[in-house]
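Presented below are the structures under discussion, each in the form of structure tokens.
Both of the next two complexes hold chain A, though its partner changes from chain B to chain C.
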Partner chain A sequence: MEVALSWYLTLSAVLFVIGVAGVLFRSNLIVILMSVELMLNAANVALVALSQSMGEVSGQVLVFFVMSVAAAEAAIGLAIVIAIFRNKLTVDINNINLFKW
Partner chain B sequence: MGADRAILLIVLLPAAGAVLNGLLPLFWPQLRRSEALIGTIGTAVIAVPFVLAVTLFLQGFSEPEVVPFYTWMGAGDFSVSVAYRIDHLSLIMTLVVTGVGALIHLYSIGYMHGDRSFWKFFAYLNLFIFMMLNLVLADNLLVLFLGWEGVGLCSYLLIGFWYEDFKNSAAATKAFVMNRIGDFAFLLAMFILVREVGSLSFSAIFAGADQMSAGTLNAVVLLLFIGATGKSAQIPLFTWLPDAMAGPTPVSALIHAATMVTSGLYLLARMSSVVLMAPAVMAAIAVTGAVTALVAATIAIAQTDIKRVLAYSTVSQLGFMFMASGVGAFFVAIFHVVTHAFFKACLFLGSGSVIHGMHHVERKLRHEGYNGAFDPQDMRTMGGLKRFMPQTRLTYMIATLAISGIPLTAGFFSKDEILFKAFEFGYDGHAFAWFVWAVGIGTALLTAFYMTRSYMLTFEGTSRWPRAAAVHPHESPWTITGPLMVLASLSLAGGFIGLPKLAEKLGLSNWIHSYLASHGPVAEIAATAHVSTGMEIGLILLGSLVAVGGVWWAWRFFARHELAGDGHIRVRFGGLYRWWKRSYFWDEFYGKVAVKPVIDGAEKALAPLDSAVVDGLVNAVARMALRTSSMVRHLQTGVVQAYALAIVLGVVVLIALMAG
Partner chain C sequence: MLAEPLFIVLSTAAVIGALGMLISRNPVAGALWLILTLFCVAGLYLTLSAEFIAVVQVLVYAGAIMVLFLFVIMLLNLGSLPLMEKMDWKKGLAFALCLIVLTQLVFVVATGLEMLPAETGIAADAGSASTIAKSLFTRHMLEFEVIGVLLLVATVGAVMLAKRNFV
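Take a look at the complex of A and B:
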């Protein structure tokens, strides 16, 4: 059975929405970080699928860039989370709101 | 070396000295204490240009040479370039500025020894010479004006050199503000010239002058003259010069006697061919000069501060120079500038040497526990200094004789030439010149009197400072007496460059006349009626008699009465003496008429306007920003997810718009 392009794109959209929802509504910093990763990987799925269907290799090349950015982002994000945890002994985002009026 | 290279070096060496002496010690404080190094650099960068100027002078050239360096500004048809002009007039001025300047730099090494800001002093002095050279070498009025303002700035910096004392910085501000008035007139003259001639270079102005209407021409010359009264301390703008004595004495000698204050005369001599086309203004120039000379000379009689006597004497001598310019004898004015630079620099440096000695007396007195008031510049506490400072006394006496016009000294030739020219101009049918001549003769008598008085009170008679039997001043070091000797010799011999017309009978010619006027850039009036030889001899005899008589009279008078002589004069002249003593109440007059109304007006009318309208506007803007932000800032909740939600919603809206 041939897997149609629309299936891949649907999967990508679902993953992306899950990621957005996670970033917007969860309050644990680590879960938020994971949700960001999810959004990036949703974009990767879409890129690979489109590149395959259009016979264009540059989409797949772009995926490698996205993956390296994701790796860097994870490293820095986790480092920040650890630094915050050391200071406040919590990773709950509702307790981290210094920048308000 | 070509003239252009030489000019570049002459102008730029003092600037380099100013930068070296000003910047290196600023960033490298250990250097500030090495006075020998700073003094050597400071003097060398003036002495080398002097040597260069002498070589240029010895080479000789008949045509004026213009050395352009670069175009300063150009707009449409109007362009100004930084160009220097070397001709007989600028060369003579360069020789005086660098020659006398180098001597005074050398003198300053001794005089300023131990001062905390020794380096700053030399940086300012070098900067002054640089600006003064710009002034005298400029090929157009704008570069001249650059130098004109530059020397004004240096004058301000140096009058207020000891600015910790409020009196000194007030004197500096006064000089600066009064000079601004004259400079404003100078600027207006340049604006008119740009409109009428379209250029500020001298050759263009001279060529275009006869196309101007008589009224415009008169306005230009009058405005230039008002500019000159500011810088050269003539009535009505002369009151800053006596106060300028607050600066160190070498400054008084260099800036406020020998060079800067003569730049007004230089300006008139440079523009002489234009000035000659405005005879009405020339009469005003001559009469102003005559009145200034007389007024300043009478004030000088009543002063007790040794430097103030010399300051008023400078104003008076400048008045003589303006008389010469006003009767169309510009080269004589420059001649008197030169001789005056010699003897007045000598007098000022001599007074500096005296003050140096009296400071020594003051220190000793304080050391011995004397607590009374003591002013090292007050002639009333001097007297009998010839026993302790023989070299200073000798040079001061020679310069006194020279300024009094004792025959065969420098002052005799130049002052007599001025009086002769005034007489000749009167003989030629200009009535005002008779007045100028008569005032000049009277002032010459007063000059001999007050200068001899200052000499007698300082060097002769009994010593009047406290504990005079035990405490003695001492002679100054060679860096001080050396320049004095050179200047005194020049005061004796310097006059022979301008022999009177009578000398033609002996086959001798008037060198400075042929150098500046008949083979040089300075225009002069062709006299129609010639004064006979007999009359000329009579005039010379009269001039000599006045000088010798004045000196002899004052010498006898003060040798007998000493300090009490002042009392006798006061009794004799009564109310008039009070006017002299208080400088004719000029300062009080300006205070009432100009200073107080301005300050009152500012306080009563402008200050409320300032606080209500100007400050009100600024405060309103600030308050508005405060109110707006206090409303908008509630958007910053500090909840990161709220911001993210806003971004997501924004993206959704954007996509919806793009899809639609």
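Take a look at the complex of A and C:
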């Protein structure tokens, strides 16, 4: 492998932290869901890099499963966003605080 | 040879796309930035010679999931939301938390590398569809079936949740 494994792992860490920042800073529900997708992608980068570096194919099978779960999560999450928007007419999480006491 | 400059270009573009999603005001622009990131990650899979995963990444993420996101954004007809709100101490806390997570991850990467088994180098067909399919349909057969059930349940649940008179 020409590119060192640590570079891929560092890139994965950076992408993951940008996803964390998106979840923490933004108040748009759809942007938060997109940030979660970005975090799943960052984990996938680390899995594929480690799998190819060790010559073990199970990591890529795991990435396949993560992608399936991400697709299911996006479908359910966006359906929930549509249901919330129908009731509240907003996707700003500062206005959706049903559980706040 | 070629892999190193390719990695630098693709990873820079991926980080730029992720930052663009983070700071863009319009959700449509954010989704388009994220699509750039997803394509760059697919290119990174190619530099790791994981061809099957790269193709699936473009098909599933850039093709299906992001189209779903754009469809919902345009269906809800969202305007631009304000980027930064009040509550400065919460934003400061969030920024500190991000920095802590980044430091921790980089520290783990930097100190944990020697604990890994030695790199064996990439086999010629390590990322091809037939290699992955062989593992998927023998060793991971049960998980594969469970994923099928999960996708079915998710489809039914999404239809139920998005129905007009559900809640």
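Simple rule for what comes next: the second predicted complex is superposed on the first by the 100 of 101 C-alpha atoms of A that agree within 3 Å, B and C clash if a C-alpha of one lies under 4 Å from a C-alpha of the other, contacts with A are read in each partner's own complex, and residues count from 1 in each chain.
The rule we apply is simple: a residue touches a chain if its C-beta (ideal position, glycine included) is under 8 Å from a C-beta of that chain, and two chains touch if they have at least 3 such contacts.
Predicted model only: the values in this text are computed from it and were never measured.
Looking at the shared chain after the overlay, A:69 reaches chain C, while chain B stays out of its contact range.
In the superposition on chain A, the chain among chain B and chain C reaching more residues of chain A is C. When the two structures are aligned on the shared chain, A:24 is found in touch with chain B and with chain C.
Once the two complexes are overlaid on the shared chain, A:94 sits against chain B and chain C alike.
Residues 20, 24-25, 94 of chain A lie in contact with chain B in one complex and with chain C in the other.
Of all the residues in chain C, the ones that touch chain A in their complex are 1, 3-4, 7, 11, 14-15, 18-19, 21-22, 27, 30-31, 34, 37-38, 41, 44-45, 47-50, 52-53, 56-57, 60-61, 64-65, 68-69, 72-73, 75-76, 78, 81, 83, 85, 91, 94-95, 97-98, 101-102, 105-106, 109-110, 113, 116-117, 119-123, 126-127, 131-132, 135-136, 139-140, 143, 147, 150-151, 153-155, 157-162, 164, 166-167. Listing the residues of chain A that touch chain C in their complex gives 1-3, 5-11, 13-22, 24-28, 30-31, 33-35, 37-38, 41, 44-45, 48-55, 57-58, 60-61, 63-65, 67-76, 78-83, 85-87, 91-92, 94. Listed in rising order, the residues of chain A touching chain B in the complex are 20, 23-25, 93-94, 96-101. Those residues of chain B that touch chain A in the shared complex are 633-634, 636-641, 644-645, 648.
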